[in-house]
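Read from first to last, the chains carry the letters A, B and C; within each, the first residue is number 1.
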């Protein structure tokens, strides 16, 4: 394994992460929630929350899962952390199959895989002091940190930018941003390798959001953390990610390194998603050409056949309704599941490749 | 919705079966554990003077020598298809639903229960209407005028109402209103509704008020809490933002939202009450189901107790079922689930 | 930008449109007495909106933006809030008028859409029922006529099959459609002022784009004055003509959208811009968050409320901690409340802030 650049450079150059070790590998991951009806509670259908995901996360990188509500990104996070039992597929952590590990064997692994939650208000027990909250993982895992629990907790508080003297305070004495820091300190207690962060900043105010985003980045550099970030804010995602997977109705439609994805999105859904993001720049108010998706995301109980996006796609042809497009690599480390991709390299599509501005899908 | 109701009905029947089995075991098993023999149990029915042979014969006839599940089976069979009691001289027919036969009063239990049920029903229905009206309106006003003199006074009243036992308030009410001022009927009066509705209402007025005092206090607190919550809901703000007059905002938007928990509690309370308002019936000497149960307990008359218990369980389970259906009526979100 | 059209009522300075503003808020103060002390949620706020124009009010939670909108609607419960100043809606002062007069204005002259349409609609009544109710408060028409109107409104906001959908309950709608229905309800009486409080925060991005389009189209069609309250600078950049930046219950900067985005002069506005990850480009540096957290509205810092978090507070001697800066015109009706001299502010923006964004 080659020594990687300082993380800043590594983040900028997606290729720099290519040689890192795979920490998490997910193949064919499926989660269906059964729907039962009638006198005998027979299963009549299933919510196809996650339906066949393949992706890998390399050590020290950030993979973001993006998509609209109901696309299965949060379920994916809960599957990786084994808070949900997968219906099918395989999850490997450091080459070890953890797909169906029972609670007992999973316990030591919980140190390595941790989760940060969205809501800093409901995820902290209001009756416990900060000290108790942050030290809980030590007690649960029966870990005796060097120098005692109290010292370890104070170090953690300091690490996330809180005053270590606030050890004995209660969560309600802190602001939303500080609470999120407490949650992060708890997550870091057992020195995890992989952190699944489910919308870690979306409940916070803009100025506080930036503080937490910076903190997460600093911690990643300092502790060589690997993140799976679940987020809907494409601006935040662009800022923090190395790789981005775009999900639609339980499937990954496009996965690529950050810059190619934002500069040359290939899947029509990605293009539409990006063109919908409002840009804080009045000069560009009239320049942008918008793709307005009509209607709503279909129900994951009865998703459209073949390509699930065809009901809302302006490029859809008959083949999209009958044949599911496979997730194929159209450019290096850039996989897309579409019969008629945008911005594809010459030869695979009618559209020329090139540096198209991100939010300008005018190339069609 | 239909399958939902059917499922709930099936569950209700299973629940009743379990309740009856447990009640049966308690009343038939506990005396044995305390050292009673089949003979000593039978003695109660034939009197102390009887000779050993008569006692054994009675114990045999009543099935006291059988194992408990056989006894329970016989009893349950009686409930479903009816049974015949072998009383030596003549057999006693006990048609379904046979809830047992009191060997002390020599009466089948079920017809007796049916005789007394109207009294309890009348008491429960009248009192519940009273307490719903007073409790809910006090609660609403309290919530709207939160922190005001009225609110504080109402909540102290509610606390007092909840804390004062009914046998005390009942006796005080009787002493003052019936015996001192002679404005209400004396204890023990009851006229069937079919005979004279006015007299019926006059006789029951004081029990109604006493019983509803207790409950309206609880309902005032419950309504107040619910209203305080719903009046802060976003949809109430929306209703105001439309320019709706405040009265409509409170009733149509606020109260409607606060009603769901009240419906739930009301169903349970009402179910329990028609199973026997023991204390109230005792205090006012009304011959309802509660008093019947008390008589059964004092006389150690197991079939009576068992009968009332099962009937009460039926009422509670039914009330629960009705509440669940009402829920779907009140809240459309439950309907489509 | 048109120059200030001086009128009899002399509207407060700020970006202007033509003629009389439809909404004119002057020196609004909303204080809530609590057990812990007086919460000064809004403390001396002035702004105005013309018909056909959109004002964006931007600020973090606790900045007073939602309290302001509630005051304009006259929705503060009597006795809980001490309100002073003037809120002139087409000349009628909401603050000084009787509750009954204000009630009759609500829904008819001014209407509001809220952040979370699921909780803002009553779960027990059908969508149609709720729109019909809104329409019949201010229009003396039969139920059938009102129902017809409700169907037309649902159709207008883009709900497919409005004839069937009118009888559905809010929970049977998707998030985007619920917000459309909410807008249909708000617009049912053709109000002249529409206040949208975080109208897209609870929605997905593609749906957000649809809703913003809808608000824009409807504004053109109805020629109404629109206030959009949000924490999302992207949303105001899309929609707003003028922008008011609020901090701790006061306006710190007030100007046209172009002024706020291209030549902002208040350090807090810089902070907001610096905190925001950019969607449209890769930022070379880390985000530049504002240190600390927003102040308590009971103990607002002395002097400039922003001074404990301001990187430039010490450039003013002790002025920042002793004297509250007034909102003054820095040229071209661009109002800024900051002690830094305008020239210094522009220099800082040009040399220190802008290159890092």
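Here is the rule we go by: a contact is a pair of C-beta atoms (placed from the backbone, for glycine too) under 8 Å apart; a residue touches a chain by one contact, two chains touch by 3 or more.
Remember, predicted model here, so these are calculated numbers, not experimental data.
The chain with its Cα centroid farthest from the Cα centroid of chain C is B. Looking at contact counts per chain pair, the maximum sits at A-C.
Chain centres here are Cα means. That of chain B falls 56 Å from that of chain C. As a whole-number value, the distance joining the C-alpha centres of chain A and chain C reads 32 Å. Looking at chain A, no residue sits in touch with two or more other chains. In the complex of the two chains, the chain C residues touching chain A come out as 60-61, 160, 174-177, 204-210, 212-213, 231-238, 257-258, 261-262, 271-280, 282-283, 286-291, 293-294. Looking at the complex, you find that chain A touches chain C at residues 12, 68-69, 175-178, 205-211, 213-214, 217, 232-236, 238-240, 259, 272-285, 290, 292-293, 295-297, 357-359. Across the interface of their complex, chain B is touched by residues 73, 75, 103-108, 111-112, 114, 116, 119-124, 126, 133-134, 137-138, 169, 171-172, 182, 185-186 of chain C.
Residues of chain B touching chain C in their complex: 233-235, 237-246, 253, 256-257, 330-333, 336.
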